[in-house]
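Below are the structure tokens for one structure; questions will follow.
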Amino acid sequence: MKRLLLALVLVLPLLSGCTKKENEIVIGEYDSLTGSDATFGLSTNKGVRMAMDEINATGGIKGKKVSIITLDDQGKNEEAAAATTRLITQNQVVAIIGGVASGRSKAAAPIAQSHKVPFVSPASTNPDVTKIGDYVFRVCFIDPFQGLVMAKFATENLKLKKAAILRDVKNDYSVGLADVFAAEFQKRGGEIVADLSYQAGDIDFKAQLTQIRSKNPDGIYIPGYYTEVGLIAQQTRQLGIKVPLMGGDGWDSDKLSEIGKEAVNGNYYSNHYTTESSDPAVTEFIKKFKAKYNETPDSMAALGYDATKILLAALERAPDLSGKAIRDELAKTKDFPGVTGKITLNENRDAVKSAVIIQVDGTKRKFITTITP
Amino acid sequence: MQDFIQHIINGVSLGSIYALIALGYTMVYGILKMINFAHSDVYMVGAFAAYYFARFLGIENNPGIATLITLLVVAMVCCSLLGLAIERLAYRPLRKAPKLNILITAIGVSLFLEYSGQVVFGADPKVFPEVMKDFVLFKIGDVELKSFDITVLLVSVIAMLALEFLIFKTKIGRAMRAVSSNASVASLLGVNPDRIIAFTFIVGSSLAGVGSVLVGMKYPKIDPLMGMMIGLKAFVAAVLGGIGNVGGAVLGALIMGLSEEMVVAYLSSTYRDAFAFGILIIILIFRPAGLLGKYSVEKV
Amino acid sequence: MSDVLLEAKNITMQFGGLKAVDSLAFQVKQGQLAGLIGPNGAGKTTVFNMLTGVYQPTSGAVFLEGQSLQGLKPYEISHRGVTRTFQNIRLFKGLTVLDNVLIAGHQHMRYGLFAALLQTPHFLQSEKDLHDKAMELLKIFHLDTKAHEPSCSLPYGEQRKLEIVRALATDPKIILLDEPAAGMNHSETHHLMETIAKIRDQFKLTVLLIEHDMKLVMGICENIIVLDHGIKIEEGTPQKVQGSQKVIEAYLGVEEGL
Amino acid sequence: MKFLKAPLLAIIALAALGLIFNFGLNAYFQLILLFAAVNCLMSMSLNLVNGYTGQFSLGHAGFMALGAYFSAYANTHWDLLPESVQAVEYFIYALGGGLLAAFAGLLVGLPSLRLKGDYLAIVTLGFGEIIRVALLNMDFLGGPRGYSGIPGFGSFLFSFIFASVWLVICFFTIWRVMHSTYGRGFLSVREDEIAAEAMGINTTSMKVRAFVLSSFFAGVAGSLFAHFTNFINPSSFTFLQSVNAVIMVVLGGMGSMTGSIVAAIFITVLPEALRPLQDLTGVDLRMVIYSLSLILVMILRPQGLFGDLELSDMWRKYVRRSS
């Protein structure tokens, strides 16, 4: 009897959640709320929630309230696939906002594609993601672009001749950026003197950095996440390496300078937007975000916000709430005034926008230059 | 040459961090013959305890000996209590159960701490308070010897010696050895195994507490999953040295740290972990009980 | 040479500084029922461990039918026809009585893994034969009714018997029995000794047994080797051994009332 | 052909069940079912090593990864058979993935199986990690980007039948091996290695056999996993995945085939079943509950759900008690 009860308890929740409310538009989101990527997932989620709250405060879409169901993927591909399927079949969402990591998007997006549910990824930068199908979109730029931008900046503005690379070999994003940077840097006449790697979760990087030091580069490209970069920067300076460090949007967080302290100052990274921008979309976003969460948004939050905004705009424009209608409207997104720039989705469903180069200066992020594709 | 010396310093300094954690694994293994998977998460909780306490007292930007000692005590006490609670609630009921069960329970406790840590502390990394100012002890060319490196190494060596003393020279140490070799016989001789085991957990866990503060001051980033990687490495190091053997844990940890460093330096940084594990496998194949472990012939 | 089955040539076993067995030499003849006796700690079980390959002798070698067993693994020695029981019963406790016996028949199984998967006639026949043979053996020791019970549920005496059955199931040339009567009462012991003599005749076996208690050995053994502190102090017929001054001294040193 | 009767019946029964599921369940439950099938393969095969042979492997995910990557590579690069018999091709690749994993199992098993207990666990763990690190560094396999666009079956029914075929093969292989002299050899190694050797069992070869067979099915499980998710990357085959397999084996009861199956299904379903809880609590507590229940099961039922009994034994016992 006790066992029967147990079985019942386990099966019941599976069956629940099939009901659908009439006067509500439901959007699904999966993200890493726990697991090793949770800090990025939670950040994205904050941006998404803020966008949702805003739309509901202004009366929702087509007179209906918009609600969002967020599921956790624990940083696992198969969980992302299961969560997406659940959102589509159980919760019958009209569209899905994906998570950060490209890996999970590659596991989840094919499911959305096969059910013809539009899928918008805030931050999956791997080029292959949107190749999955015509229902898959993203609002961030892709790996090659960021690598390109930094290589251009490094050769033209910083006039570097010899660069070293330190990549996170566990992270497809980091590897993608590093590959493109290396190719582009060499094309522009530079030399890659060292190409070493670490794994997310490491805390000691001195072995790699000592190795880099012996090669005397003019700059080091570290396209990782701020969780490691802060420590890397510190150890770089401890070993007496004084050349500039460069990175990608994974650096963009208040935590970077909290962890790295003065060691991160004066270094450069490419980003989607600058907090120093006078663009009202940006200033407004930062003001509201600080009021709501009491912290400066990082790039994940900004991308999550933009992804949601773009999706909501498409929902508003769409004649009905069918997957096809929403998809078509998403594809038409042009010059959308997002926090992370004027976003146009091209025929590959990738965002076309310019990147900015930021210099870290304490908690301030100093705008250096804009680089357009 | 300069680079080589630098690599040695890096390797030893990394190894001594592994050693601090490895000592905790080896202590518990020595007495209970179980891999306490939760040990690295006790270490994580220690780091967070120190972090929150420092914020509570407002001393997070107040480096100095007093801060160091306060945080060490806090971390050690918190870790001991947690270790004790884990032993009492999760491991003691399983004293007679098969080994694999205890291992699964330990993994369960580990997952529990990691995931409730993410709920309670938040998943984003926190910045560990600045406990002490690091400074250069001496410098030859580009090679610097930093105070933190020496501190960590000294602490682990002192901890090792203290443990050796505790185990082989004191009364409670004798009781520990008795429980380790045969708990039921030990209890016949008037030793209360439960109390000895609890004591072992206190010692092992406070070492995790010490480790958490020292690692926190050297690498000031803490997060709920910080124990995972370092725990795995430290535990492998303990096995490498011969798990259950205090000196072996330190030796294994130093070898682990140095070999990781040297693999990055002279072979390949991408294959670092593969080589580190490869070395481990080779050593275990030739010395099936680790470097200092005694391979006991089963009595027939 | 022709009728010598097992021969130990000056085998020595050294553990660190301790010589557990010191250049021991003896022969067991075909069909003989031999005994290895000696007081506690004399090194009897160590001798068995060397004979069966659990330990490799530090020096010297063991010969079976004139062939050296040096360097062979225990299972290889078992394949050559040397089998044993254990002093501190080592049954496969979690398995049934029958399974214990079937496992010992493994070395005579001639089918491969795929035959088992495809359930070939050869496989089915081999399994049936093995099963029948095991049940027959169990029957001799009156264990057939308990064939499907877990072996750890048997009473102590029957566990000892089962160990003998299991050893017999390997079809050995010589069986080494390590204190087969330990823990049994007088009548049980007597009964066991009779059975041992009986199976020796029935299976044309050679038996070497360790017994702590001399009186029992005297009854059935034809040749007795006496060990003390790893050294052979006497060998011969029961009468000869019983009369030996050295043996009496060795036993009196530790035990009274021989 | 008599030997095929029971397996074929089982496949037909499962296929019929699949037909019902195909129309009766939505895609979400169907996906969970497919994952459960993969996990069943993992737990059944690991049970052979950890449960029956009494060894302790912590590197099962490594073998799974080999099978998965082999299938992924083969399916995207080779074209053995025409489109119409695609399933046969998938089957061959799954077999190939299994064989590759089995070969790796042999390589690892030969030197390392003389280690015991925790030491063996560490070596297998190390091996699993080596495979993962190697995969991270192999550009032709995608490195950390993984392998996407692995062809699948398209329909649930075919996927399910494909999984069923392999489940049945795995179940009957292990079942029949366990009821042969080799299976008894495995058990004797678990029970007492010294006695087993004395009885003429070559314990090393037994362990290697168990290990190789177990790795084979882990490879097959990986291959199925690749087909069902259409995307794999090294982060799917971490140390935690190996631990998960061990948990399933222990939870089901060491040495119980049906126990492994039930536990695999349970472990797959539990995290999904707990999802709605997030609506109530606001944060994701699934893993917290999962880990707590794991501890509780170990304390309250240390022998696992089934002990070393099979479902059929339990049923018999139940009938006997009630009559």
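Should a chain be cited, it is by its letter among A, B, C and D, assigned in written order, with residues numbered from 1 in that chain.
FYI, contacts are C-beta pairs under 8 Å (C-beta built on N, C-alpha and C of every residue); 3 or more make two chains touch, one makes a residue touch a chain.
Note that this is a predicted model, so its numbers are computed, not measured.
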Steps needed, at fewest, to go from chain A to chain D via touching chains: 1
Farthest chain (mean CA position) relative to chain D: C
Innermost chain, taking as reference the mean of every protein Cα atom displayed: D
Length of the line joining the C-alpha centres of chain A and chain B, rounded to whole Å: 35
Chain A and chain C: spacing of chain centres that average the CA atoms, whole Å: 72
Centre distance in Å when chain C and chain D are each reduced to the mean of their C-alpha atoms: 42
Gap in Å, rounded to a whole number, between the CA centres of chain C and chain B: 48
Sites on chain B at which at least two other chains make contact: 115, 119, 270, 272-273, 300
In chain C, residues with contacts to at least two other chains: 54, 86, 90
Junction residues of chain D, two or more chains touched: 136-137, 194, 283-284, 287
Chain D-facing residues of chain A, complex: 10-11, 13-14, 16-17, 33-34, 70-72, 74-79, 81-83, 85-86, 88-90, 102-103, 106-107, 110-111, 115, 126, 128, 132, 169-172, 174-176
Residues of chain A that touch chain B when the two form their complex: 33-36, 38-39, 41-43, 169, 196-199, 201-204, 206-208, 210-211, 213-214, 227, 230-231, 234, 238-240, 255, 258-259
Contact set on chain B toward chain D in their complex: 29, 35, 90, 93-94, 97-105, 107-112, 114-116, 119, 232, 235-236, 239, 243, 270-274, 277-278, 280-281, 284-285, 288-290, 298, 300
Of chain D, residues touching chain C in the complex: 2-3, 172-173, 176-177, 179-182, 184-185, 187-188, 190-192, 194-203, 209, 308
Residues on chain D engaged by chain A in the complex (per definition of touch): 26-29, 31-32, 35, 136-137, 143-146, 148, 225, 229-236, 266, 269-278, 283-284, 286-287
